[in-house]
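Each structure below is given as C-alpha cells.
Look for chain A in each of the two complexes below; its partner is chain B in the first and chain C in the second.
Presenting the complex of A and B:
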C-alpha cells in the first residue's frame, strides 16, 4: 500500500508538471463540451424535458462527460503496450514489484492529476458560463466520489487488458482502437444511454463500459432510486473483480512468452 | 565451493518471420507464415563462483544480451537450466530480482521523467531498503560516481555518461549479491570509462559482489576481468583466462630497438624487420621460436643499442583475429 502511494504520488506530480498539455487538453475538452451543449439545446427545441432528462440535466451531462475524458483516458491509453514495444518493460520487470499494481498505481496518480487539472476546471467553467446542476445533499456527494473512484478502477482494468495483446502481436493498437470506440458508445459518452433504443442499452450492459461514464452521470444527476444506486455500485464492483482477475491471468500468460526487445 | 551461477545446456531460439521479396511478395507475405529459427544462444554451459568478475565477450549478434536477459529472468529459456543463487530466474521473478542488480547500457532502468534522486527514492521503497543502508550506500556511490552535479536533474536530460553512472548506482543501492552489466561503457569517453571501471572493481573487491559484464571495449576486460567467456553465434567458444588466450592466439610479439647509429642492414636470425625509422627498427618474432632475451643478446653482440622495448600483441588485435578467422572453432 505504501509503495502504491509512493508510485502514484510520483505519477501524479509528473502529470501535474505537463502544464502546457493540461491547458491544451482543457481548452479542447471545454470547446467540444460547449459544442455538444449547443447541439443538445437545439435538439430539445424549447422542450423542458426529454425521456426523463431536463435540459439542464442534459447540459450537465455534457459537462461531466467532458470532465472525465482525461481522468478515464477515454480516447486512448497505450502506456503499457508502448513499454512493450520500446523494451522499457524490461526495466520494470527487473524490479521486485507486482507488475499489475505498479501500473494501477501509475494510472491512479495520472488520473487524479487529470481530475484536478482538467475535470474540476471544466465543471467550474460550465457553472460560470452555462449554469449546471450540482448534487444537493452531502450524501449524494459521498456517493458521487465513490462512484467516480470505482469508474476509474473499471476503466483502468479494461484498458489494461486492451494493452495486453502487445505481448503477442507487433501492433496492438488496432485492437485497442476497436475497444476505445466501443467504449465511447456503450459508456454513454456520446449520448446518454437512455436516449438509445432498448436493444442497444441491453447490448451495452453486456460490457463493462456503462459502469464508467454512464453510472457516474446518473448518480450525479440523482435520477436513480436508492436501490438502483446500490445496484449500480454492485455492478461496478463485480466488473472490477472480474476484469482484474482476467487481466492478471492474461498478463501471466503474456509474461511467459514475452520477448524483451533491444540490446 | 558451490558456484553462485550455474548454466547448463542453455538455449534460446527465436522464430523469425520470413518475408518474401519481389513482385507478388505482398500477396505471399499475407498468405504464408514461414519462419526460420535463430539460435541466439545454443547449448551454453558455464559456472561462476561467488566473487568472480567475468567478462562476457563476442561479436555483434553473438548472443550476449540474450544470455544476460535469461540470467536476469527477463527471457524464458527455450531449453536448458539456469540456477542463480538457488533461484530459477524466470520462475520466481519478484524474489529473484530483489537479489540482483542489472544495467543494460542501451537503456535506462530509471524513470525517464523523474529526477535522479526521485528515482533512487522510489527504488528505496520498491526494494524496501532500510533507511540507514540506503543513506550509507547513496553517500558512498555519490562520491565515487560523482553524481552530485546532476542528482536533481530528470533522467531524460542527462548525458550518456551521467545516465550510465546514475543507472549503475541505482542497480547497487539494495546491495545485490550479483551484478549484471550489459555494455556499461558503451559510448563513453576515456575518463568516464575509467571512472566506471574503477567503480566496478571497487564493488567487486570491497563488497565481494559477483559481476558479469559484456563489452566491446577490450580495455574494460584487460583491466577488470580475470576470466573471460567468449560466445559467437550462440555457442560458447572459450572459457578461461585472458592471458592464456593471448599466449595461444596472440600472434607475433614485437621488439622495438633504438640504436646509436643507423643500421639499415641490422638483420638478425629469428626475427623479421617490419619497420625502419632512422635509428629505430621494429622486429617481429614468434613467441614460440625464440625468447626475447636471446634475441636481445644476439642484437647487442653485433650492434650498439641505446634503448629497447618488447611489445605484447594488442588484445584488441588478438580478439579481432579470433573473431575474423574463427580460430576457436
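Presenting the complex of A and C:
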C-alpha cells in the first residue's frame, strides 16, 4: 500500500509538471464545452425541461463531461501498450510491486492531477461564465465523490484490458480506438443517455461504459432516487470486480508469451 | 513545376506503399475513422428523434452540413497531414526539420510530402455517405448551379483548414511543442460549422464571420442548396464566397509560414 501511494505521488507530480499543456488543454476543453452547450441550448429551443433534465442541468452536463476528459482519459490511453512496444515493460516487471497495482497506482496519480488541473478549473470557468448547478446537500457531495472515484476504477480497468492486445499484435491501437469510440457513445459522453431511444440505452447498459460518465452526471444532477443511487453504486462495484479479474487473467496469458528484445 | 509534380507523385506512392504494408491495421484504421464520425453523427441524429429540430433545421438538413464538412476535412487531412501541428511539432523537436532544410528542394513541398494519411479515406467516405443520406431525405432540387456551389464550398473548406494546419505548424517554430489551442481553430472550427450558424451567440458568430470567415464555407452554400432563407441578410452572392474565404486563409498562412522559416532556430537536437 505504501508503495502504491509512493508511485501514485510520483505520477501525480509528473502530471502536475506539464503546466503549459494543462492550460492549453483547459482552454480547448472549455471551448468545446461551450460549443456543446450551445448545441443543447438550440435543441431545447426555449423549452424549460426535456426528458427529466432542465436546461441548466443540460448545460451543467456539458461542464461535467468536459471536466472528466482528462481524469478518465476519455479519448485515448495507451500507456501500457507503449511500454510493451518500447520494451520498458521489462524493467517495470522487475519492480517489487504487482504489475497490475503498479499501473493502477500510476494512473491514479495521473487521474488525480488531471482532476485538479483540468477538471476543477473547467467547473469554475463554467460557473463564472455561464452559471451551472451544484449538488445541494452535504450527503450529495459525499455520494458524488464516491461515484467519481468508482468511475475512475471502472474506467481504468477497461482501459487496461484494451491495452493488452499489444502482447499479441504489433499494432494494438486500432483495436483500442474501437473501444474508446464505443465508450464515448455508450458512456453518455456525446449526449446524455436519457436523450437516446430506449433500445440504445438498453444496449449501452450491456457495457461497462455508462457506469463512468453517465452515472457521475446523474448523481451530480440529483436525478436519481435513493434506491437508484445505491443500484448505480452496486453496478459500478460489480463491473470493477469483473473487469479487474478479466484484466489480470488476460495479463497473465500475455506475460507468459512476452518476449523482450534487448537493446 | 514539372519536377515538383513528379516529386509529389513519388512522395504519395512511397506513403501509400508504406501504409499498406500492414494491410489489416490499415483496414482497421479506416474502419475506425468511419465509426468515429458515424457515432458522433448518430448521437445527434438519435437525439433529434426526440427534439425534432436544431435551430429550425431537421436532421436531414443538418446532415448536409455535417456530411460536407467531414468529407472535405477528410480530404484536407489526407493531403496536409505533413503540416498537422501534432506531426510537424515532432520534426521541429527532434531536429528532423533541419534535414529537410538542407535539401535543395522547395521546403513547403517537402513538408507536404512528409506524410499522406490514407486512412482518412474513411472520414471522406462517411462524409459522402452522410451527404447522400441528406440529399435523399431533404429532396433537394438539383441544378447545375447548385452542384458547382457545392464543389466550390468543398474547395474553400479544404483551403481554409489546410491553411490553418500550416498556421499551426508555423507556430511550433516558436513553441516547439504542438499547442493544443490550435485545435480550437481546426477541429473546433470544423465542429462549429457542422451546425447551422444561427444557433451561436452573436459574438461567436461575428468572430467566425469577420475575423475568420468560416460562415461562408459551409453555412451559406447549404442555405442556397437547401433553399432556406438567409436570417442575416447577406448579399445574395454569399454562397459563392467559400473558395475566396479559403484562399484568403491559405494565402496568409503561407505568408506566415515563409516568415516563420526565416526566423526558425533549430532546437539543436
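Following the convention adopted for this analysis, the second predicted complex is superposed on the first by the 262 of 263 C-alpha atoms of A that agree within 3 Å, B and C clash if a C-alpha of one lies under 4 Å from a C-alpha of the other, contacts with A are read in each partner's own complex, and residues count from 1 in each chain.
Heads up, the rule we're going with is that a residue touches a chain if its C-beta (ideal position, glycine included) is under 8 Å from a C-beta of that chain, and two chains touch if they have at least 3 such contacts.
Computed from a predicted model, the values in this text were never measured in an experiment.
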Determine, under the contact definition given at the top, whether A:31 touches first (chain B), second (chain C), both, or neither. second
Report the partner of chain A that touches more of its residues: chain B or chain C. C
Once the shared chain is lined up, is A:20 touching chain B (first), chain C (second), both, or neither of them? second
One more residue to check, A:233. First (chain B), second (chain C), both or neither? neither
Name the contact category of A:179: first (chain B only), second (chain C only), both, or neither. neither
I'd like to know which partner A:100 touches here: chain B for first, chain C for second, both or neither. neither
Taking the superposition on A as described, I'd like to know which of chain B and chain C A:39 touches: first, second, both or neither. second
Thinking of the overlay built on chain A, is A:200 touched by chain B (first), by chain C (second), by both, or by neither? second
If you look only at chain A, which of its residues touch chain B in the complex? 2-3, 6-7, 10, 14, 17, 87-88, 90-91, 93-98, 255-260, 262-263
Which chain A residues qualify as touching chain C in the complex? 20-21, 24-25, 27-28, 31-32, 35, 38-39, 41-45, 50-51, 170-171, 174-175, 177-178, 181-182, 184-185, 190-191, 195-197, 200
Can you name the residues of chain B that touch chain A in the complex? 14, 65-66, 68-69, 72-76, 93-95, 97-98, 102, 104, 106-111, 113-114, 118, 121-123, 125-127, 182
Given the complex with chain A, which residues does chain C contribute to the contact? 22, 25, 28-29, 32, 35-36, 39-40, 42-44, 46-51, 53-55, 177, 179-181, 183-184, 188, 191-192, 195, 199-201, 204
